[in-house]
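Following are the structures in question.
Presented sequentially are two complexes of chain A, the first with chain B as partner and the second with chain C.
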Partner chain A sequence: MIKKTLTLIVAVVIAIWFLSPVVLIVISSLTPSAEYYDPSRILPRSLTLDHLRSLFVTLGGWRATLNSIQVAGMSIGISFLFGLPAAYALTRFVFRGKNSIRLGILLTRSFPVLIIGIPLLILYMRIGISDTLLGVALAHTSMVLPFVVLISSSIIGGISVEYEEAGMIFGLSRFASFMRITMPLVLPGLAASAIFAFIMSWNEVFVAAILTVGSRTLPAHILNAAMTAPDYFKFAAGTIMAVPAMIFIFFTRKYLMSLWGISLK
Partner chain B sequence: MTYRKGVTPYLYFIPVIAFLIMFLGYPLIETFRLAFTHPAEPLGNFLRVTRTGELWNALRYTLIISAIVVPAQLALALALALFINMRFKGYLILLYIVSIPLALSDVSAALMSYSIFSPSGYINKILMNLGMASSPIYFFGRGFETRAFWVIVITEIWRATPLVFVIILAGLQSVNKEYLEAADVFGFSRWTKLWKIILPILKPAMLSALLIRTLFAFQIFGVAWLLTGRDIPILAGEAYYWQSIRYNSNVAASYGLVIAMVSIIISWIYLVVLRSREVEGARA
Partner chain C sequence: MAEVTIRGVKKHFGEVKALDGIDLKIEDGKFVVLLGPSGCGKTTLLRCMSGLEKVTEGKVLFGEKDVTGYAPKDRNVSMVFQSYAVWPHMKVYSNIAYPMKIKKFDKQEIEKRALDTAKLLGISELLDRYPVQLSGGQRQRVAVARAIVLEPAVLMMDEPLSNLDALLRVLMRSELKKLQERLGTTTVYVTHDQVEAMTMGDLIAVMKDGIIQQYGRPEDIYHRPANKFIAGFIGSPQMNFINVEVKRKEGKMCLIAPGIEVECTRENEQKIDRGKHKRLIMGIRPENIHHVAGREATPIEGKVYFTERLGAETIVHLKVGDMRIISKIAGDEIFEEDKEMNMYVDTSRIRLFDPESERSILD
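Entry: the complex of A and B
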């Protein structure tokens, strides 16, 4: 009994520690400015959507959100297009140097991606794609692509090659066999990793802020506007950054746990 | 498995390798070139920021923040993982709550922290309502650097502990139950079980968590920059400042190079540790 109560107390304290900043910023973003600056009111009496609305409409938040979605979409597309063949070869072929290639790709995950921003800006100016969403998407791809290769290879590796071989015996090409037999089985896992890749790009701020001036992604826009904006706009910005990411994670939580190697049984 | 001797398997890697050479390899080399390009002397860009002490200051703060944040995260994540792995009723809900910060960017974490610590934030309102403060306590701005520093540390611990936590929990679940049952037979205490059985098995997971977190700790940017600007200078923040405000790519690249060198050294140490363990394993 005592142990049960103690466990419950600890669990509640942990939950409050991790949840409260999220809840508090959502409340702050809905607090009317007069109540926010009133020191006697800890929690607001009324809520307003004004800050979120003006952030989206007049302060360019909507435009930046669309930019972020396009950038993430492009980098996921390129990552899977380039990454899936590599993931396939890593699981389906045995060849010399395979472990070195895998280790090499793993090592790029420890590459400090933010340093590519400055050289890429100079390169983009030379080839005429500076301040474009494509430029940011390509930079984000260098962060997302190694992740996609490694995760996809472990997902594809979970499906026995024998089904594909059976397909090939019955006359399917290697590609058709993969697409028609393995692909439907791995699609949910790949979708979950695509969502995680989306969040990697959605959250990246340094490179995006260096590479863009006009066509800023949401975090880059916030980074530049937040320093001078009134507090309640900062909270609105923090909220619109956080909520979509949390919704995505919520819907894919079971897949993500298995991606991280955590069993829920 | 299909055994392949020819070049076919390698063809599948051409897009990935070409892309990574173009977008990671080339920028790394270009960072070197930019950092050492100066009209007067090769080290001019570095000298410009070492003479004023800016670079040392940023390096010092980045090191100190990492040295506090990383061990704290490891310890907290281990405690959390041990607690959640007790699998009490409803532990799944707690597991999902703890993983929330994994989805959040440093930008939103910084702004959440600001909503708590700003002059009109929750802490000040609560203190003033309780009569424990008559005017707002300032956590940011000139003259309040120590407080700002600790707010950055707390925010980073809050934000990135879950990343370590999921790695350690995955490792913890791979501990064979039979070892623990055997220990129970011999009447080992909880502490002995933790130190003699669980932690040694967890070592690889802890090491990789340590590597990942140390690398990311050196790239700290959003939290420090949004909360304090240059009051608490950090390497990435200085790179951003020199690039986007001073328009000097060469000095910015010098800071980038420092981050890259630190990352390479840390990864190298990690590989050496890993390899020595593999050798040990081969001998055993």
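Entry: the complex of A and C
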């Protein structure tokens, strides 16, 4: 009983610790501007969607949100297109230099995308994809791809190769066996890593800000537009940034657990 | 159903020669066991037969057909995996039916066959469950059902019993063998367990270092092992190996070691080349050393070092000179430790090996 109470208290403290900033941000973003600057009030008497609305509609936030979703979608797509076969090969086949390749993939993460931002911009200008969503998506892919390869390879590695071989024995080709036997088994894990990739791209601000002028992603746009605006706009921007990520994590939290090796069984 | 022929098959993984020239013929309908210690290449050979592994060199034939370049799915084989590999995202019924679904059987046929096979394996009640809801033994039955439902040309099993507990293993041993007899499917069975090999196989291929050491009926492998490795690998407790000198005494050929002097039988005498075989390794199984004198028995003198009383049999460790000779005696017998006693070697059961090549010189 005491143990249970203690656990509860600890849980509540942790929850408050993590949630209170989020709650404050959300509340501030909903506070009417007159009340926001009233030092005698902590909690507002009424709430308003004005800041969010003007951020979305007047300040072009809606466009930027769509841009962000497109960029994240593209970089997830490209990352999985190349990352999944790479992960499969790293897990299932024995070949020379496998460990070096694994290490090499990890090493690419040690260069912050920030460093490659300027060279990328120059390169993009040359090949004519500067200030495009594809350009940002490719930059984000370079950030997301190693992550996708390594996580996917550990997820595939968690599925016994004998399942797949059984598929091959009982009438499927290697590819069909992967698609019909292994895929359903790894899908939850892959979905979780896709969500992770999504959030990585969603949150990335520097490269997006360097590479684009017209078609900005949401964080880049906010950095540009909201940072010179009054505080409640900043909070509104924070809310817009945080909420989608939180919704995603809420729905995929049990798969995220499996991502870190806690079994789903 | 098919006859399987392996011709000069080699499989190299980089520098490692997992299979170093295998020739094997498995007659139609036979139950053949590939037996050997871990790393001997038995599983690799099975995987080469199934097509999961590509051979480096050589040919695999099913009947007259050369299937060497075929993908597993085109070989009409099936397999029971060591981990069973029952697909966890499908119910038992789907697991059994899936191979037929892939091959596009019609619905009624699939259902009929799946139900019949489930009945045969005694898993009709489990069809609606997921594999995680099954015990190891049940999962294995599902794996076997899935493997036989398509009536494959060759049924392959890769240590299928090694994950079961001891009691269930004994039960499944006889059940799998009975099932195979009933179906008449050519079966290749990989194991490192000599008891499984002896009890289940029509024929046993003993493997070591990527080479088949001997291929024959279980009784031949047991009683006439081709070399010292096989003699030592099969049988428990292990065969006694004694380094002996070959000498002539009073017109008879004798095998002599400190504390031991055994006369050769006439048949063995003819096999010994006096010029070549000055020294030999004598092998004698523990059950061929008795504590009472009998026909064709030569006494050896020793001291009881240790006894293992197992109830149905007694294992006596006898110290003879520096050597320890192990004898297996039927029944529960009591021997006083450190007591001097005579044991009797059944000379007709002696095996002789060349000390250099370790090959048997008797056949």
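In this section, the second predicted complex is superposed on the first by the 243 of 265 C-alpha atoms of A that agree within 3 Å, B and C clash if a C-alpha of one lies under 4 Å from a C-alpha of the other, contacts with A are read in each partner's own complex, and residues count from 1 in each chain.
Heads up, the rule we're going with is that contacts are C-beta pairs under 8 Å (C-beta built on N, C-alpha and C of every residue); 3 or more make two chains touch, one makes a residue touch a chain.
Just so we're clear, the structure is a prediction, and the values are computed from it rather than from any experiment.
Trainee: Please work out whether A:Met227 is in contact with chain B alone, chain C alone, both, or neither, and reply first, second, both or neither.
Mentor: In the superposition, A:Met227 contacts chain B only.
Trainee: In the overlaid three-chain picture, which partner chain does A:Ile181 touch, first (chain B) or second (chain C), both, or neither?
Mentor: Once the two structures are laid over each other on A, A:Ile181 reaches chain C alone.
Trainee: With both structures placed on chain A, which of the two partners, chain B or chain C, ends up touching more residues of chain A?
Mentor: Higher number of touched chain A residues: B.
Trainee: Which partner does A:Val94 reach: the first (chain B), the second (chain C), both, or neither?
Mentor: In the superposition, A:Val94 contacts both chain B and chain C.
Trainee: Applying the document's definition of touch, where does A:Ile115 land relative to chain B and chain C: first, second, both, or neither?
Mentor: A:Ile115 sits against chain B, while chain C stays out of touch.
Trainee: Scan A:Gly214 for contacts with chain B and chain C and give back first, second, both or neither.
Mentor: So A:Gly214 meets neither chain B nor chain C here.
Trainee: Does any part of chain A touch chain B in one structure and chain C in the other, and if so which residues?
Mentor: The overlap between the chain B and chain C interfaces on chain A comprises residues 94.
Trainee: For a test of understanding, state which residues of chain A touch chain C in their complex under the given definition.
Mentor: It is residues 94, 160, 162-163, 165-173, 181, 184-185, 265 of chain A that touch chain C.
Trainee: If we count contacts the way the header does, which residues on chain C are in touch with chain A in the complex?
Mentor: Touching chain A: residues 13, 50-52, 71-73, 77-79, 81-83, 85, 87-89, 98-99, 102-103, 132, 146, 150 of chain C.
Trainee: Which chain B residues qualify as touching chain A in the complex?
Mentor: 1-5, 8-10, 12-13, 15-16, 19-20, 23-24, 26-28, 30-31, 34, 80, 83, 86, 88, 90-116, 118, 120, 122, 124-126, 128-129, 136, 158, 162, 166-167, 169-170, 173, 211-212, 215, 218-219, 221-222, 225-226, 229, 236, 239-240, 243-244, 249, 252-253, 256-257, 259-260, 263, 266-267
Trainee: Note which residues of chain A are touching chain B in the complex, please.
Mentor: Spelled out, the residues of chain A in touch with chain B are 4, 7, 10-11, 14-15, 17-19, 21-22, 24-25, 28, 36-37, 39-42, 78, 81-83, 85-86, 88-89, 92-95, 98, 101, 105, 107-108, 110-123, 138-139, 141-142, 145-146, 149, 161, 199, 202-206, 209-210, 219, 222-223, 226-227, 231, 234-235, 237-239, 241-242, 245-246, 248-250, 253, 256-257, 260-264.
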